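This is the structure I want to talk about, given as structure tokens.
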């Protein structure tokens, strides 16, 4: 039942905001809708944790502890982001960057985007999952080009074409999976249902599935932002409005990775080998290393953090690729903390950019002086994302790296070297932005930094203490996807 | 010590840590200068006192263990307090009492909000260091370690408006982080495959020689980065001057010792095998570090940089001790190993007091004159006699002069050197005397450095401007400095008691103690092995000197008419004397620079005879920058430029990437 | 420690204080003879001290307490050093309190104090002297210590008494290492006591002066104490040299009969040493100040070499 | 009879591939659109045959869907667009057609080899055409890489969609209806958004040439 609510609220919200998007209360309505979604997802989570996995609408929808955790995360971050976007967008409008119609578009698309992500997470049907992923692209592409600047148009075009093409490969992969499943489950609806596929995964035809996985990996991997398919990501993050960057980086990538992980489970089950895992590890490692080296060349702050997202998605992909309880646990923990931290960082960065009127890092100075909350938010967030204890990112990285040392020792030097380079790059720039003298004016509207500190607080908590029920929950999920 | 009987030392230590954290948040919330200086810092000092007491009672007691239900789900926080950690906690507590009390006075004219933040970071820093000593699993250790690094980083960048300070902070945290990565890998190697990261399992895990060596090297690198072992020292002379003086005192006096703790913990406790060449490596590195540090200290022109380099030197001396201990331990000469280890720990303890005292002293000088350049200071003994006296104690102590504490530890190390012969390797036997010579040279140079430091700051006449308005130190500063100075004297005069304190640690590390033989002829006489071979009684020495002085004075008073006139300085009848005729800091260091020319990248600005305003400047740079660090930076630069090309901007190229990836993968799985 | 020990200690204390100027006078006298001058007489130093104690003390305006306090410390240190060296008997009750390393430490303490005092007034010559003193010192100190280490390595002990015991009363062995050590020790002695070729004790207003430059500002009683202290230092070094390199004749522990003999031996040795010192000073020329580090470095290397030779012979 | 239809479908498949090559080499936008429409037609007809032979009724729907969407609506939109944007006659210079062709042939060979083992195990009468489907997907990919203007690139994108659809029908008698509809919806919406884009791009860069959009890069 909650599933329907979760999906219905944002859908309705999208339509409502398409109608009333011009009203003054649109931002509040947006937040309210997101809050509703969050509540529903909370109820769903509680039920799944108590009653275990379940399906709905003759198996079209399906929740287990893996995707319910992502659902909760998505709904939560979507909610906090909507809170942040309210003053942010007001300030943008105040600066004359946005017209009222653009705001309407933004709000309704925001809700629809949430809807598509939740659909992709909740559906049991791989085909529908594909449709939802494509829809997620479609809903965000106009948001990326919201400012209508040449750069934003270019970014949006690249985003659209690259992700579209990538997704097309994923469709081919899905077809192949269906083709293989049809042999076992017979033609028709059930052959694409994850629950059924999971049962019979060992009987699926290996050669087909290996081919299928290649297509799925390239397809969804493009959306995850794995190197060398990542090229759309920095542009889109840098040029879109900050709330969009936040949800893209914090949520969409997770959802895409979720799709990859689901298919990995099938494929490894069918092949009985570790092929899929190895491929993922390879891509993950490549992404981490390349992103680290890209980082040291950035001038635009949002672009830099986009690359850091690539790095962290690579790390997660690596973790899920390694498999095993600890690594998977770490992967999911990393998903959580990364979404929270990265979105928090984007919130802070957004306000910083508004305050200084630029995203160029050498022009941003002395945030701590002008607006300490933004400055400290950025500083702490950056340190957290760099894997500094006692923040949660360190916890997950610790588990990932130690597992890697344990089972793939040769990878650790690369990982650690990459982390070191990334540290030098990001930290050096953060310092110049946060510290020093400045002559900036404070913002016209008070910035909303409650979300920032809520997120960072959670991350800090997760670094020091992972509540047992959360741990059990993650363990269940890890057991599911092994 | 009633409370100790009722609850374990580790509980008390934990309590103090929590208490410090509470103080930190209190400071952050209050943001009121008066309250923070008058209440919170003294309260922190009280906490330090309790911690020291707990550690004292924990020394020699059984290792007591605690597990907190925090941390990772399958790796909760393990804590353990054995003699080693107890000793270092004693160091932390005892030294930070003085520093906190001093801070209570020093920070009195900071603004409230800034001070609130500073107080927060300061107490977090304290708590983190204590937690490092308590940690008994890799995760908690890393958390505490990095929390320590972070808090100290923010303390260093307190005055972040200055670009140099930002740069210093960046360099510091970067090197600290690289070191932390190495430490993490070191733990990873030590757990040897059965993914359990508690120290307990590491103790039980057996490593073959190769992996043990890898572990040791990683630990040496990782902890060396924090300790400032050459060539990882570059952050130290940048960060220490940048920080507010109590923070410098804390970092140099205590934080560097956490690295020493780490090395000892890994080498003697967590690894079950040692190899003799580790000792030689540590010995050599230590000597290089010591000489390097002291030589650079001699040519510094900034008083805090000078002290920072002197810290490098002392770390080198400590490392030499560790190296000796390892070597002897490997060759089963545990008595001598215990001697070397005792000397090491003793010196660590001494350095905490001496360097704390000196850094705090520079803080007061800075506060009174607003001047850090030695070239502008001078004659401060007249406006600030109390400070001058207290700092003199520290300077003499760190110069390794009897009967103060610096001398005792160096004496012990030299004894260890002298008792070394008879090692199976003839090369080692050759190396040991040379090493001893180098060590002696370093400590003699330390005397040079300290004469320069004290003489240029406190003696003579102010070189530029006058410091009439330079006020002497207030009551809190006096208490803090007094405590540390007292420590320097007592540690120097009653060595036997200190050695008895250290005994349980050496027992734990090398399975042998010194106290039995050291105290065999009573607490008055320090006899490392047997009275015939070497003995030293600082107290008697002290008394004799005092008696001698008093006797002479009385005699002179008795027989001398005591007529005394005051006049201008004679100076061989030199016509006019100006303060600028005294040696500047550069001038005083010049002979050293001439002798050790090749060490430095020297840049000189020498005036021509026709200059209206002749201006001489000599600058000695650290060559290691050019040889070690800049290449690494440029390589990274090039690599990232190379990879940056991939981000080409043409969508066709991007499509081509995906296309090729697809084809490659298809070909691969096929 | 028994009463006789205490008596012996007191005796030596007084003895060294009284004898020190005599040695100084003797050396100067010998120098004069060697340079065909009629010298000032052996007792000249005593008269100097007496004269200085008559004069009024003149103190520079910005002299700090440290400046006035320093002569006493210097005197006490040197007195202590001189009186703890086993010159006539090896079982001085106080000698265990101080071994060779500590002895070096005491000299270092004195050096640091005299340099600080020199910097106190803030005159150009004073700081110059202090700098040079430390320059000489930081090389002389390790050299001296290395010399002692050689002796200590031979006798497996750093306490002077034991060293003397071993070298004088155990079986007679020629130690080649001691040869190196002896040369190094003499070089150190020249440097430490401000003798030619390192420094010239009998002149002011030389731009290359070291020791004199430091005490320019002192007068009357302070100067007297300093002079006396340097005489004591010379005595201490000579006795140390004697104790380490020609210890024969020094009375063994508890052997009271040997003490008068030891006393005679001591005076003979001192006379010889003083003459030798004077000879050295006469035949050698004062060197440029920048050559001093090389000189001291040579001493240091020789001392290390001695130690190495000792270990090479593996005794 | 069966295998006659089978041959017929294979013939259509061959046509599809031929058209794909044609698009790869076609310079003029207008004829590119026509080719695309033709491809859609071939696709729907072949789907119809498959439906008829395999009695899979839902395939009729999807054939109809294809007809409406890919033969009528999309080409119509494209025609309108190029008329509005008045790029109707613009010709783009392709780099060296023979090379592109050779690469294309290589791709076809690669695709066939890849598909061979799968085709064997396919139970459908259209088994052999799976390789062709894969080939046309790769060819459209290649086309997107070689085109330097926006509209042809999009056409390549849509052509890829065709290939996928063909793969679906040929390999598995089509996906479940829900999915088919979803995909169709996505394609349609995507087309609209692209249309919006063309105008935005046009009014920003006053040309649809992609060489204006190479600013965002590392330098």
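The letters A, B, C and D name the chains in turn, as written, and every chain counts its residues from 1.
We take it that a residue touches a chain if its C-beta (ideal position, glycine included) is under 8 Å from a C-beta of that chain, and two chains touch if they have at least 3 such contacts.
Keep in mind the model is a prediction, meaning the values are calculated, not measured.
Chemist: Sort the chain pairs by how many C-beta pairs are in contact and tell me the top one.
Modeler: Chains joined by the most C-beta contact pairs: B-C.
Chemist: Which chain wins if you rank chains by how close their C-alpha centre is to the centre of all protein C-alpha atoms?
Modeler: B
Chemist: For chain A and chain C, what's the span in angstrom between their mean Cα positions?
Modeler: So the centre of chain A lies 79 Å away from the centre of chain C.
Chemist: Quick check: how many Å separate the C-alpha centres of chain C and chain D?
Modeler: About 102 Å separates the centre of chain C from that of chain D.
Chemist: Centre to centre, by mean C-alpha position, how many angstrom separate chain B and chain D?
Modeler: Chain centres of chain B and chain D, defined by C-alpha means, are spaced 71 Å apart.
Chemist: When the C-alpha atoms of chain A and chain D are each averaged to a single point, how far apart are the two points in Å?
Modeler: 31
Chemist: Quick check: what residues of chain A touch more than one other chain, meaning two or more?
Modeler: Touching at least two other chains: 157-158, 161, 165, 211, 234, 294, 297.
Chemist: Which parts of chain D, given as residue numbers and ranges, touch two or more other chains?
Modeler: Residues 114, 141, 144, 153, 210, 213-216, 218 of chain D touch two or more partner chains.
Chemist: Can you check the complex and tell me which residues of chain C touch chain B?
Modeler: 53, 56-62, 64-66, 72-73, 75-77, 79-80, 94, 96-99, 101-102, 105-106, 108-109, 111-112, 115-116, 119-128, 130-132, 134-135, 137-139, 141-142, 145-146, 149, 152-153, 156-159, 162, 204-205, 216-217, 221, 225, 290, 293, 300, 303-304, 307-308, 311-312, 314
Chemist: Residues of chain A touching chain B in their complex?
Modeler: For this pair, the touching residues of chain A are 157-158, 161-162, 165-166, 169, 210-211, 213-215, 217-218, 222, 228-229, 231-232, 234, 275, 279, 290, 293-297, 326, 329, 368, 383, 388-390, 394-395, 398-399, 401-403, 405-406, 412, 416, 419-421, 423-424, 427-428, 431-432, 435-437, 463-466, 468, 471, 475.
Chemist: Under the stated contact criterion, what part of chain B meets chain C in this complex?
Modeler: 378-379, 381-382, 385, 388, 392, 396, 399-402, 407, 411, 414-415, 418, 421, 429-430, 432-434, 436-437, 440-441, 444-445, 447-448, 450-452, 454-456, 459-461, 525, 531-537, 540-541, 544-545, 548-549, 552-553, 556, 559-560, 563-572, 574, 577, 579, 581-583, 587-588, 590-592, 594-595
Chemist: Can you list the residues on chain A that touch chain D in the complex?
Modeler: 125, 127-128, 130-131, 134-135, 138, 141-142, 145, 148, 150-151, 153-158, 160-161, 164-165, 168, 171-172, 174-176, 178-179, 182-183, 187-189, 191-192, 205, 207-208, 211, 234-235, 238-239, 294, 297
Chemist: What does chain B use to touch chain D in their complex?
Modeler: Result: residues 644-652, 655-656, 659, 662-663, 666-667, 670 of chain B touch chain D.
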